[in-house]
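Below are structures written as structure tokens.
Look for chain A in each of the two complexes below; its partner is chain B in the first and chain C in the second.
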Partner chain A sequence: MTQIITPKILKGTRDFLPKDMAKRQYVMEKIRSTFIRFGYDTIETPVIEYAETLLGKYGDEGSKLVYQFKDNGGRQIALRYDQTVPFARLVAANYQALPMPFKRYQISRVWRADRPAKGRYREFYQCDIDIIGTESLLADAEIAKVIFSVFKTLGFTDFTIKFNSRRLMNRILESVGVPASRTADVIRLIDKLDKIGKKSVARELECILSKEIVQKLLKIITASGANREKIASLKKEDSQEIREFFKLCLDFGISEKNLLFDLSLARGLDYYTGVSYEVVLNDVAIGSVAGGGRYGDLCGLFCEKKFSGAGVAFGFDRIVFAMEELGLLSEIPLSSQVLVTYFDESVLPNSLAIFAELQEFGFNAEIYPEAISLSKQFKYADKKEIPFVVICGSDEIQKEAVTIKSMKTGKQKTVPRNQLTEYLKGLSF
Partner chain B sequence: MTQIITPKILKGTRDFLPKDMAKRQYVMEKIRSTFIRFGYDTIETPVIEYAETLLGKYGDEGSKLVYQFKDNGGRQIALRYDQTVPFARLVAANYQALPMPFKRYQISRVWRADRPAKGRYREFYQCDIDIIGTESLLADAEIAKVIFSVFKTLGFTDFTIKFNSRRLMNRILESVGVPASRTADVIRLIDKLDKIGKKSVARELECILSKEIVQKLLKIITASGANREKIASLKKEDSQEIREFFKLCLDFGISEKNLLFDLSLARGLDYYTGVSYEVVLNDVAIGSVAGGGRYGDLCGLFCEKKFSGAGVAFGFDRIVFAMEELGLLSEIPLSSQVLVTYFDESVLPNSLAIFAELQEFGFNAEIYPEAISLSKQFKYADKKEIPFVVICGSDEIQKEAVTIKSMKTGKQKTVPRNQLTEYLKGLSF
Partner chain C sequence: MRIAIQNKGRLSELSIAFLRSSGLSFQPNGRSLITRCDNEDVEILYLRSADIPEYVRRGVADFGIVGRNVLEEKEIDLPILRSLDFGQCRLVIAVPQKSSIQSIQDLEGERIATSYPNTLSCYLKKQGVSASIIPLRGSVEAAPALDLADAICDLVQTGKTLKDNGLTPLVTVLESEAVLITNLHRIKTEPLLRCMRVSGCGADCGFTPSSNYYFNL
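What follows is the complex of A and B.
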């Protein structure tokens, strides 16, 4: 006899059973249909790539987290770490065939050889859009509008799209007297404001800057007030980009209450060059659920042509988690809508005819594959959350009738056989 | 300056650009919705698994084709080779939580460290359904009905579902006098009938069997005639299973012209135990496009409980290829339906309002992100195959009108601004 292998999976990877999948597919489809509504088409890149394509693109820390191995032919292979580098590679190889500006979405899995922890997986989904080949601020505002639409469509109400500009931040640092050599360090510390608070950040900044500069800087970047006021308080030449971006967001129909100009937002250290954004949910403590911004040159690693663009990545697993918390996923149905029962071989052709008719009229239906007790067939329907069960034994056949049982209420109703589909159409699933 | 890396991908893997993806998603969604219509729910398993879960399940040849590597923690990891073994592992680990019989579909990628060739990839999709936890022949016939529905739904007309029974074949081999020790070899040779022809198979069979046995055997398994006749020609006790299966297929509404009882069908050497099937397209020479059957014990490698079931795998890439050949994918649209043009900043708020309105009324719309020449915006629409372009310059604004250009016909029409969405709804996309 073959030895039995324990059916276990790697930490940081997951099996999803039908009920989880129904919820995840619902969320994914909402996100996808929003992307499509804005004219984003999808592309697909391989999961396995030459290692040299991916390595060295994510900093020292990131490169360690790229899964890689040698294949049978001695080639060094890596598993996709994100969707951005493969996208850049695809654009560099195909830009002449692509419409420009090029708008694409991608929803697929990526892999990180990370230490798994709560909410941190080795295998997880990313949902990205990018528009590249244009420097227009309208593209930045469009991405903000897609973000707004995604969260609205998913049913979130209390979310904030924080925005800032890397260009602006660089100017502010310069204007208060931060030496250019310290810019990266200072931004890295500013990025900690949310996590460790203003006092701790000030203390750390004072290790590399004078107390005076730190105070000036923190005063500007942590100023409170309405978006308009904050934007107006900046010198005109510094604020033009953010002022225009904000106006375009409003023209696009983004509610002002969901927008927050946050000068302390310091996303992505070296990547972004213009406007950037990050989304937080105000009623679920889970960190940011989406983030992105403008980059100056996406494909520079793979070709000499420069492609500026803007993009955003949605944190799919965090979004699903938050929706569960807020009760937004409690009513997602599984596939099956009607179970046709049957009792013995003599009534089977009749049950099959009912089944065929239900399918033809657009119901997701199934027929129980064995003639066993009705109670067992009901149990099956319960476990699969099938809302209605059709019963048609020899009694019903004789009377040219069928009985429909609602699994939710337990109530049964017998209707003439030829009214079955009409009757089911009137029910709520 | 960073050195530029040539943007290349591994042989046997593929990038898919938007137009390919539109077709592939169309086909996938048709297959998926058919699975759902029969009450199959989806599950998801990891792409990376412990190597011991996958190795040794695909024969010596198969094991060599499993991509495997050691991760940072020294664990031996493998990439999913098919969807069946991970499914068996999942069922073994979760059967108490699952409804039984359990019906699931899975559409996702698998990896094989194979030598790439025309139509043979290292990374490709499988589309599987299985129903396990029942030995009822109704389940086998349901799988055949799903096969029938998938190909019908995709628009194929001239396809044949060949069917046979492994149980029946074993009995026939026994009855003509094939020694049990030779069964596997004989079946392997019968499997070559399609490829090398009757004469060559006879010659090879005669190396291990007497001429008399070979002639008896080939006479039975290559008999021609209608399904009913062939079934009736078998001794009654041998044909009961196939007779019932055939009757159930007809009761399920499968057209008889798409069914072919083929005693020479010898799918899968050791795996199948009962009815098996294989689908060929009669108008595209591409080999089988789907195959499957009844297995006696799916999860035996992972648990002591026995799960018999039936399943089928659809060859997604072959199906897409065949549909292209038959012209069934020539009309698949990309996402965008309407492009809103704009000319300068003064008309932008107006263009944004049009864009917002189009989206609200359910159109997939986009606004060109830069105020450039109309001819360039038209070129963009052409390249993205956007069927309609909305033009609204200062003239139109003054007249409270908009102009709609059909990119297919080149014709333009100016309508009152407040009739735009009504007008677009009346067009065919």
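What follows is the complex of A and C.
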């Protein structure tokens, strides 16, 4: 007897069955089509890279999570960990051939040797866009508009694009008297505001700053009010960037109710140099579903030329999860639209002709490969969620007719044979 | 200022009469499709009914008089200034007198011929019924007798045409009448709209009508 291998998969990885895949592909296609509508083209980079290309780019913690191995030739290899570093490498090697500014989208899998948890996988998709080779704020605002369009297109209504600026944060920290050497620590603590609250953050800040500075700082960054009021309350020379960015967003047609100027937004500020954004869904508690911002020098590690850019990454798995929660994925059809049946060899040529015609007219059709009982063929259609079954036995052939069964209602309708495709088309008008 | 009305058909004479009663004076159109008014700086455009919403949307015409049924079918979202008191008719689903279709639910899976596929599709979706829509340009009443359809969806004024073709109404999809439409073309029509709402408006609105206001809004 042959040894049976347990059909298991690695921790943190997932199999997807057709129903899940249909939903995932639907979401991915919506995201992709939105990127394309803004004129983004795509690129592809290898799944495997030289380890040295990826290592040391993600901080100490990040580097530990890069999957590494020696290949058959003894080379040190790493698996793609994100899409940004390989993109930077590609730009450094190819910028002369690329239009500048360069806009690209990328949707592909990445791998991280992270501890798997709810919503955290070792293999998952990233959906990124970036505009590089321009410092214009219009690019930052365009990214915000793409974010807005993606969530609108997916059917979300109650989402908030929070935005802030590293440049502004630096100014504020400086103006209240935070020493430059403490900037990074302070930003890290500000980032905890959402999680541990104002009091706890104040207590921790007071370990490194004077009470007076902490109070001044927290007063500024936790100010409430409408976007305009918050911006107006800042010093003019500090707020120019954020004011212009906000105006461009509105001119781009982003609804103001989806924008929130949040001075306490600190995530990624150690990396971003200008405007940064983060998206949260107000009706699904799942954390941020997209994040990005402006970085001053994308390819610095790979070439001498400087490329400033702005970009955003969408959390694909979280978005799919949230859409499920909100019932936005309840009616995603599987591929097959029509099943053509046959139940004896004599009618097979006729069934095949019907099948060919349906396909030619654009229907996703299939023919059941065995002449088994009609009820079993119906069962197959049911399980595969095929909405229509075409029945054409010798009776129908003689009358030059054809019967269509709707699997949803169970109702059968007989129409003249040559009205079949128009009949089906008319149902989906 | 331009007003688009139907060239030939149900609403044509009624629209002309309405404009005349609103104080516009103009010659009968004859062959010309554009007529200038004698007493106002207004042009009348004589167009196909189905094209009127497009002309208005694109700002080529500032106003239009069109059946509500046309507006619904074109799925063009234009502001309706008011309903006019003429051109009443109904869009109905009708079936052959001896049909087994007795209710909206019975339409499930059946074939319905119509010149109003969008309006019908929208209606059926709201009713939760899935039927096969057969789009035709006209003469839909003949479709059931020819086994092209099991029901029809068409405009009815008196119901005589239905009767003559052995059909009986099942349900009303839309009550229609002539409506006065305009567009959101800001610069051009916002001042106009203000003028039309307020009699004797000042010069600051950018347009001074010589008569009090048109259309008795």
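Convention: the second predicted complex is superposed on the first by the 426 of 429 C-alpha atoms of A that agree within 3 Å, B and C clash if a C-alpha of one lies under 4 Å from a C-alpha of the other, contacts with A are read in each partner's own complex, and residues count from 1 in each chain.
Convention: a contact is a pair of C-beta atoms (placed from the backbone, for glycine too) under 8 Å apart; a residue touches a chain by one contact, two chains touch by 3 or more.
This structure is a prediction, so every number in the text was calculated from the model and none was measured.
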Request  = Check whether A:T414 is in contact with chain B, with chain C, with both or with neither, and answer first, second, both or neither.
outcome  = neither
Query = Which partner does A:S288 contact after superposing on A: first (chain B), second (chain C), both, neither?
reply = neither
Task = In the three-chain superposition, say which chain, chain B or chain C, touches more residues of chain A.
result = B
Inquiry  = Per the contact definition in the header, classify A:T160: touching chain B only (first), chain C only (second), both, or neither.
reply    = neither
Request  = For A:K384, select first, second, both or neither according to whether it touches chain B, chain C, the two together, or no partner.
outcome  = first
Query = Between chain B (first) and chain C (second), which does A:S175 come into contact with in this model arrangement: first, second, both, or neither?
reply = neither
Ask   = Where does A:R104 make contact in the superposed view: on chain B (first), on chain C (second), on both, or on neither?
value = first
Task = Once the two structures are superposed, pull the chain A residues common to the chain B and chain C interfaces.
result = none
Note = Note: in the complex, chain C contacts chain A through residues 108-111, 117, 121, 130-135, 147-148
Key: In the complex with chain C, residue positions of chain A that touch it   = 404, 406, 408-409, 411-413, 415-416, 419, 422-427, 429
Request  = Using the touch rule from the top, collect the residues of chain B that touch chain A in their complex.
outcome  = 2, 4-10, 13-18, 21-22, 24-25, 35-50, 52-53, 64, 67-72, 75, 77, 79, 89-90, 92-94, 97-101, 103-104, 109, 111, 113, 122-123, 131, 134, 136, 138-139, 142, 248, 251-253, 300-304, 334-336, 339, 348-349, 352, 356, 359, 363-367, 369-370, 380, 383-384, 386
